[in-house]
Every structure is written in structure tokens, then in C-alpha cells.
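Below are structures written as C-alpha cells.
One chain, subunit A, links the two complexes that follow: it is found with subunit B in the first and with subunit C in the second.
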Partner chain A sequence: MIYNLFKIEFLKVFKKWRTYIGFLAVGVLVPLVHLAMYLEGQNSLDFITRDLRQSFLLVGNLLNGYWISYIILNVIAVHIPFLITLVAGDLLAGEATAGTYRLLITRPISRMQIVTSKFLTGFSYSALLILWLAIVSLVIGILVFGTGELLVVRSEMIIIFDKSDIFWRFLLAYGFAILGMTVVCSLAFFFSSLVENAIGPIITTMAVIIIFIIISAIDVEIFRSFKPYLFTNYILNWKEFFNDPLDMNKIINSVLVLGGHIIVLLTATAIIFQKKDILS
Partner chain B sequence: MLLKIVTLLFFSIGLTFSQNKDPEKILERVKDEFKVIEDYKADISVKVDIPFIKMPEREAKLYFKQPDNIHIESEGFAMLPKEGINFSPISLFESEHTSFYEKEEIIEGIESAVIKVIPLNDKSDLVLSTLWIDLERYLILKIESSRKPTGTFAIEFDYTKINEKYYLPERIEFTFSVEPLMFRSRNRSQLNPDENKQPEDSSKVKTGKVFINYSNYDVNTGIPDSLFSGKD
Partner chain C sequence: MATVENVIEIINLNKRFKEIVAVDNLNLKVLRGDVFGFLGPNGAGKSTTIRLLVSLIAPNSGAINIFGESLKENRKKILTRVGAIVEKPDFYNYLSAYKNLKILSKISGIEVKSSRIFELLELVGLKERYKSKVKTYSHGMKQRLGIAQALLHDPELIILDEPTTGLDPFGMKEIRDLIIKLSKEENKTIFLSSHILSEIEMIADRMVIINKGKTIVEGEVKELLNSGTLKVTFEVDNVDKTKSILDGKSWYKKIDSISEDKLTFTLEQNDIGTLNKYLVENGITVSAVMPKRSLEEYFLKITSEAN
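And now, the complex of A and B:
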């Protein structure tokens, strides 16, 4: 039953043009980054390695698909949540706006099944968007620029990964990004259960993310104490897969925190929806 | 310049008694021994042991042609110390310099002359070099050098005999001081200040090492000049 419901919800979501905004944005932006890297990428690399070049001869090509995909993931991962909210914020509230809540509820399915199938749809959309990002940045990046070693500049060190030691890191990083985006989806889904207009959840989720990111970015004592409680602080921890050795404690902690957020938000959504008085 | 004059005076006074062996003649012999090698190519493997840098061991092909032409081919990315890899005794002693015979020393059972070389050219990056020279084969066994702006470095050489007549490095150990600032991120995160934080000991200068192993030498095969016209 859930599978059929999910299939219906999935089709409903993908019949709306707004669903494709995210895919379109990624599909346009990433090739633009590729083009910029094709024209100017070597200058960026030279700038990053300028100090190293004083003492070392750097031989070989670091401007490759892996490096560009890493840069793209760095830049875009922060903005993907905004694309997720466009769909996730509409999942429940959209029914109210369209006046189809009552029709849906009167069907022989439980409210829990509705919430589950809609959440699974939101999760699938989030996963597909990250998958699309992976395909456009990594696959096209490798086709255009080839493979090679990956240069990762961290605050405490420079790591150069052998090309045989990179792909699995990307797979896990994209997997982690899906988890992070599912938290965003859950948050928008939660707000979506509270109101009857999709604009509210979309804007509210965006506002929450912006506020959390700003609090994380301002390095003052009073905000520092809040940081462990902000999910945005963990969403970007996909970068830990590009560390050597892997900080498993940090990764596991991040997965648990993000997973916890999903469970809490989904439970809250389910409770609210169970008790919701459908008036539209 | 003042530093060079003081250093000159110091060695002139302190090492007067060591001048019974002519350092210039020894250096000339080293150059002559190296001059018989017009070019060579070799497979190299590079292992980097530098704080603040993690890099897998790399393989590359090194081409050398007199006086100091270097070309490196590598399938992947390789990072090689400039001072160690393009070392040539000829280019080292080419510029105007003065030298002092300091003493004799046994290095790994080999009797060697310790010679200090001070460049006289103000524009030279080198401030002072100390060389340990094998007095039997006239090979440089070790160099300790101060260079502007990269600081001090030391290179130790182990040699192998190629074609029963040419001595070329089998292994080079390059030791140098590492300025953490050299590796500080230029991509500072605006989103997460924690990513920009430096480790507590990041201000300390540390020692880095690069090990280069040479194998499969081909000597004097006539490498075309065109190979060295690139950036390397």
C-alpha cells in the first residue's frame, strides 16, 4: 500500500514544474563552473599552491574532474537546501492550497500512511537532486577533465589523495549530503504540516537555514555555545570524508545528530497531521 | 653583506690551519667527475614526510642534461623539492664564491672533506653551504645549506655506480625546515570559522623530509634539448 501511495505522490510531485527548478539550476550552474574551470581553473590552482611552488616542483595535473567536483560540492552544498524546500514545503501544505486534503483523507488510507508516503517522496526528491549533482559534476567533470589526484586544502594540512583513493570518498560524501538534505526536507515537511499555504513553509525553512548559517559563521563566544545544536553545523561534515585518516567519531556523531533531527521532525509532523483538523 | 663579511672573517681566522688542503681543487675535481655525465634519465620514487602535507608515494621519470636542465614526467601528481632534484655541482660552484677547507670527517665509513662555500655575489640566494666530499671518489656525500628565502636545508646522497664508470645518486634524503604558513589555506571558509582554525602547534617551524630513490639509469644516451624547453 505504501509503495502505491509513494508512487502516486512521486508522480504528483514530478508533474509540478517547480520540481524541476532544482534540477535545472544544478544543470545550468555546474556546467558553468566547468566552463569557468576550463578557462581559469589553472589560475585558481596556481594561487592555492603558490607557496608550495617556492620550494617544490609540482609535476602532473591537479586540474581534474575530482578536484572540480570537490570545489562544486563545497560551493553548492550550502545552496541545495533552498532547492529542497521548494518541493518539501509544498508536500502537505500544497494539498491544503489545492483543496485536496479532504479528498485525500477520505480515502481508505491512514494519515500515517499519507505522511510516510509524502516524506518518502520528499526524501526521494532530495536524493535525486544530489544524485543529479553527482552525475553533472563528477561524471561530466571526469569526461571533460579526466581523473587524477585530488588536492584538498584543509586548515591544518594539505592532503593529496591518490586517484585510486578518491571515488569511494565521493560516494560517501554524496551519501552524507543526501542525509543532510533529508534533514532540510524534514524541516520543510514539518512546517508544511502546520500551515495551509506552501509559501510559508518554503520561506520559513529558508529563513531557519539562513539564520543558522549566519550564527555558525559569526565566530563570537555567545554564538559558539549554540553551534552544537544547529543542524547546519553538521550538514557540511561530508568534508570529513576528504580527511586522512577519517575522523570516524565526528562522522558518526554527525550522522546520529542528523538522523535524530529527521526522526524528531518526522515524528512531530506525524503527530501534528494525525491531530490536524481538516477544514479545507 | 655584513653577515657575509663577518662569516668570511670568522672562517678566515678560525680555519687558517685547515688551509693545507686546497678546497677549490677538491671542488674542481667534483665538477670534473660530474662533467663526464652529459645526460641521464632515471626512474624515481618520491616519498614525502612533511608535517602539514599528506601525499602518497609517487613514481616519475627524471631527465637531466648538463649543466642543470631537468625534466620530469609523471603519470600522476608529484611534488619534488627544488633544491634536491635539480642539484648539480656544476651550477652550485659556477657563481663567484670563496671556500674553506674545514676538516676531515668520516661519514658512514667514508673519509670526507668538509668544505664551506660562501657565494660572493649579493644576488645569490645561497648564504652558506657546507659540503662533505668523498675524498676517494670526489662525490658530494652531504650538503647543508642556507638559502634565501626558503631557509636551511640538507641533502644526503647515497651513490650507485652505473655502467661501471658513472657515480649517480641511488637515494637522496632532503631535509628542510617547514614554515606552517607555507601551507596555510588560501581558501578560508566563510561559512564555518572552525575550518579556519589552526592546530595549537601550527606556529612552530618543523622539519620536513623528502626521500628520492633512483633506479634504471640510462647515462649519456643523448637526450634532445627540446625535452627541456617546457616548464620543468
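And now, the complex of A and C:
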């Protein structure tokens, strides 16, 4: 039954134009970054490696698809949450706005089944959006710029990964990004269960993310104690897959924190929805 | 003696929204095969009761039994046998009528054949527009689609919340005829909430009038309408002569109004024949006796008394 409901929810989501905004945004932005890199990428790379070049001779194709995909993931991963909320915030509240809760809940299905199928739909959308980002950035990047070693500049060092040691890192990084985006999806889904208008959960989720990102970025004592509790602090830890050696403790801790957020938010959503009086 | 099954039994039902009492210790029974009229002024608690019946909202106390089983404990099982329109008909506007019905059948866990969907669309006059997105439909068309979705899985109990709202007179008659057909030919039980009192009068067997969330009166429509006093107009050949015959009699005090050839009395049901006989025996030609006791009058009387 859940599979049937999921298929129906999936169909409903992909029949709405707003669903395609995220795919369109990624489909336009990423090729624009590719174009910019094609025109100006070498200058950027030279600027980043200017100090390194004084001591080392850098050879090979450093302006390659991997490096550009890494840059894109850095830049765009921050903005993907906003695209996720457009769909996830509408999953439950959209039914209230449209008055279709009445159609759904008067059918012989449980509210838990409704919540589960809708959450799976939100998760699938988040995963597909990241997959789309991966395809557009990595595949087009490799086709246009080819492969090569990946140059990663961290605060304390520069790491150069051999081209045979990169692809699995991207796969895990995209997988981690899906987990991070699922937290965002769960948050928007949670807000969506509270209200009867989809605009509210979309704006509230965006506001929470912006506030958390700002708090995470400002390095002052008063905020420092909050940071371990902010999910935004862990979402960008996909970068840990581009470290050598891997900091497994940090990765596992991040996965547990993000997974915990999903479980708590989803449980809260289910409890609220189970008890909700449908008055729309 | 065969016992009649209670399809719906509401026992001491209460629902509050913060300090507002929407349903106050409500009790009612709907019998199998009934077309049951559910009446009440605005804000009486009709929609809240219907939402409780289809588990859109939960009661604060009391019980709802449908098909003899507790709705709270057997919700899913019960809803497989119930079709409903709750308030205005809303659908997935970005999908066609056909797709909406297909999706709803799958959600119900019943694979309804396409032929059944087309049969229903034809029944409600939407077959020609089955491909059109619902957002292009008028309110009346959505109302018809609402009826189609309520009948989709061939339910035994059909709960209709003002099903003729937004329809033209022709459409209203079609829906009324459909309700009568479903009741008489297919033995469906219909729970019909309506603001159109003449509609209830025409098609309901039993009814309840509620106000402020409480049952004011419940029973057979005909019996309720025939109980108590009613207005009866006698069309006579000579009004002045009739007046003089009645002068000094107790009938005279019961005259309500007089026109050119008519006298209207307020009478008990049993008095109509007696008065008619009295007039005829005194040489008055009575060409017509017109009792007037509409549900509208009854409704207004009952609800104003309750207020």
C-alpha cells in the first residue's frame, strides 16, 4: 500500500510546475559555472595556486571536470536547501490549501501511511535533485574539461588527489549531500504539518536555514555553544570526503546527528498529523 | 420480527474548538436504506458532525458506530464502505477528472476499472470532459465530480454535504433523482445534509434537525411535518356567507387571513375534515382544501423555539 501511495504522491509532485524549478535552476546555474570556468577558470586556478607554484612545478590538467564539480558543490550545495523547501513545504500544507485533505483522509488509509508516503516523496525529490546536480556538474564537467588530478585547498593545506582516487569520493559526497538535504526536507515537512498554507513552511524553513548558517558563520563565544546543535553545521561536512586521511569520527558523527534530526522531525510530524483536526 | 440495522449510531458525541462547543451531546441513528436528512441553521454543527463521521476530526467524547462498529477502532475497514462529499468539492486541479478518480480509487486500495470510472463520469454528465484538467471546471462540474468520487468504490453508506450547491435547477433535479435511485434501487443509505429544505422534504425518509450542536427533533419526515398545527386554506364559493356561518363558533378564532375566495385557518391535522364537513353541511361549496405545512416553516418554527 505504501508503495502505491508513494507512486501517487510522486505523480502528484511531478505534475506541479514548482517541482521543476529546482531542476531548472540547477540546469541553468551549473552550465553557467561551466561557461565561466571555460572562459576564466585558468585565471582562478592560477590565483589559487600562486603560492604553490613558487615552490612546485604543477603539471597536468588541473582545470578538469572534477575540480569544477568540487567548486560547484561548494557553491551550490548552500542554495539547494531553498529549492528543496519549495516542494517539501508543500507536501502536507498544499493538500490543506487545495482542500484535498478531505479527499485523502476520508479514504481507507491511515494518517501514518499518508505521512510516510509523502515523506518518501520529499526524500526522493531531494535525492533526485542532488543526482541531477551530480549529472549536470560531473558528467558535463568531465565531457567538457576532461579528467585529471583534484586540487583541494583547505585552510591549513593543499591536497592533490590522484584521478583514480576521486570518483568514489564524489559518490560519497553526493550521498552525504542527500542526507543533509533530507534534513532540510524533514524540517520543511514538519512545518508543513503545522499549517494550512504552503507559503508558511517554505518561508519558515528558509528563515531557519539562513539564521542557522549566520550563527554557524559568526565565530563569537555566545554562538559557539549553540553550534553543535545546529544541523547546518553538519550539512556541509560532505567536504570531509575530500580529506586525506578521512576523518571517520567526524563523518560518522555528522551522519548520526543528521540522521537523528530526520528521525526526530519525522516522528514529530507523524504525531502532529495523527492528532490534527482537518478543518480546511 | 426483522430488526432494522443502524448504519450510523452517534452516542453522546461532543466536539469543542477551544471554548466553542460545536457538537453538544449529540445522539442520532440512521437506519439501513434511509435517505436521512440532516438539517440545521448555519453554525448548528452540521459540518463538524460530518467531519467527525468521516474522521477528519476527532471527538472530545462520545462514540460513533458505523455498520455496528466503532469508527475510532475500525476506521479503515469502515471507510471502505463509505463514500462522502464534505463541504465544497476540491480536487487535484492540475489533474484531469479521469486521473483524479483513478488516483482516488488507488488510494482507496481498490483497483476500479476504467469502464466504471467512465460509467460514473457519464452518470454525472462529465464524460465529454474527462480529459480536461479540473481547474477548468465550473463549481457545478466539480460538484458533479464530487458525487462521482463518492460513488467510486460502490459504498453502502453515502454521506453528502450539500451535494446540489452550485448546480442549476436541472442539475439539482438530476442529483435528487440519482439519490432516490441509489436509495430505492441499490439500497444505499444516504446521509444528506442540505440547506435546501424542499430537497429534504422531497427525498428524505427520516431527518434530524440540530441546533447549537444538539438534536432538536428526529423522526420520519412525513410524521414530523404532519404533527402539530398547520395552515390550511379553504377555497369557497362565498366568503361572506362562510364568515357568517362560522361567526360565534370556535372555528372563527382560527381564521388567519381572508382573501377574495379563500379563508386560511390554523388547524390541527384532525380538524381539517371536520371543518370541511361543517362548511359543506351548511351549504358552502368548498372547491379546494390546501394544507400548507412546508419543511421551511417547520424548520423555522423548531429552530426559533430552540433559540
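As a working rule, the second predicted complex is superposed on the first by the 280 of 280 C-alpha atoms of A that agree within 3 Å, B and C clash if a C-alpha of one lies under 4 Å from a C-alpha of the other, contacts with A are read in each partner's own complex, and residues count from 1 in each chain.
In this text, a contact is a pair of C-beta atoms (placed from the backbone, for glycine too) under 8 Å apart; a residue touches a chain by one contact, two chains touch by 3 or more.
Computed from a predicted structure; not experimentally measured.
Shared-chain residue A:157: touches subunit B; no touch with subunit C. Counting residues of subunit A touched by each partner, subunit B versus subunit C, the larger count belongs to B. Once the two complexes are laid over each other on the shared chain, residue contacts for A:101 go to subunit C alone; subunit B is not touched. By the touch criterion defined above, A:59 reaches subunit B but does not reach subunit C.
Of the two partner chains, neither subunit B nor subunit C is touched by A:2. Judged by the touch definition given at the top, the superposed model places A:47 against subunit B, while subunit C stays out of reach. With both structures placed on the common chain, the touch criterion links A:203 to neither subunit B nor subunit C. In the superposition on chain A, A:35 makes contact with neither subunit B nor subunit C.
Applying the stated touch rule to the two superposed structures, the subunit B and subunit C interfaces on subunit A have no residue in common. Within the complex formed with subunit B, the subunit A residues making contact are 47-48, 50-52, 54-62, 78, 148-149, 151, 153-163, 165, 213, 216-217, 219, 233, 236, 239, 244.
Across the complex, subunit A is touched by residues 51-56, 60, 70, 72-83, 85-86, 149-150, 176, 181-187, 190-193, 195-199, 202, 232 of subunit B. The part of subunit C that touches subunit A in the complex is made up of residues 17, 51, 54-58, 75-80, 82, 84, 86-88, 90-95, 103-104, 106-109, 149. Of all residues in subunit A, only 1, 4-5, 8, 11-12, 15-16, 98-110, 275, 277-279 touch subunit C in the complex they form.
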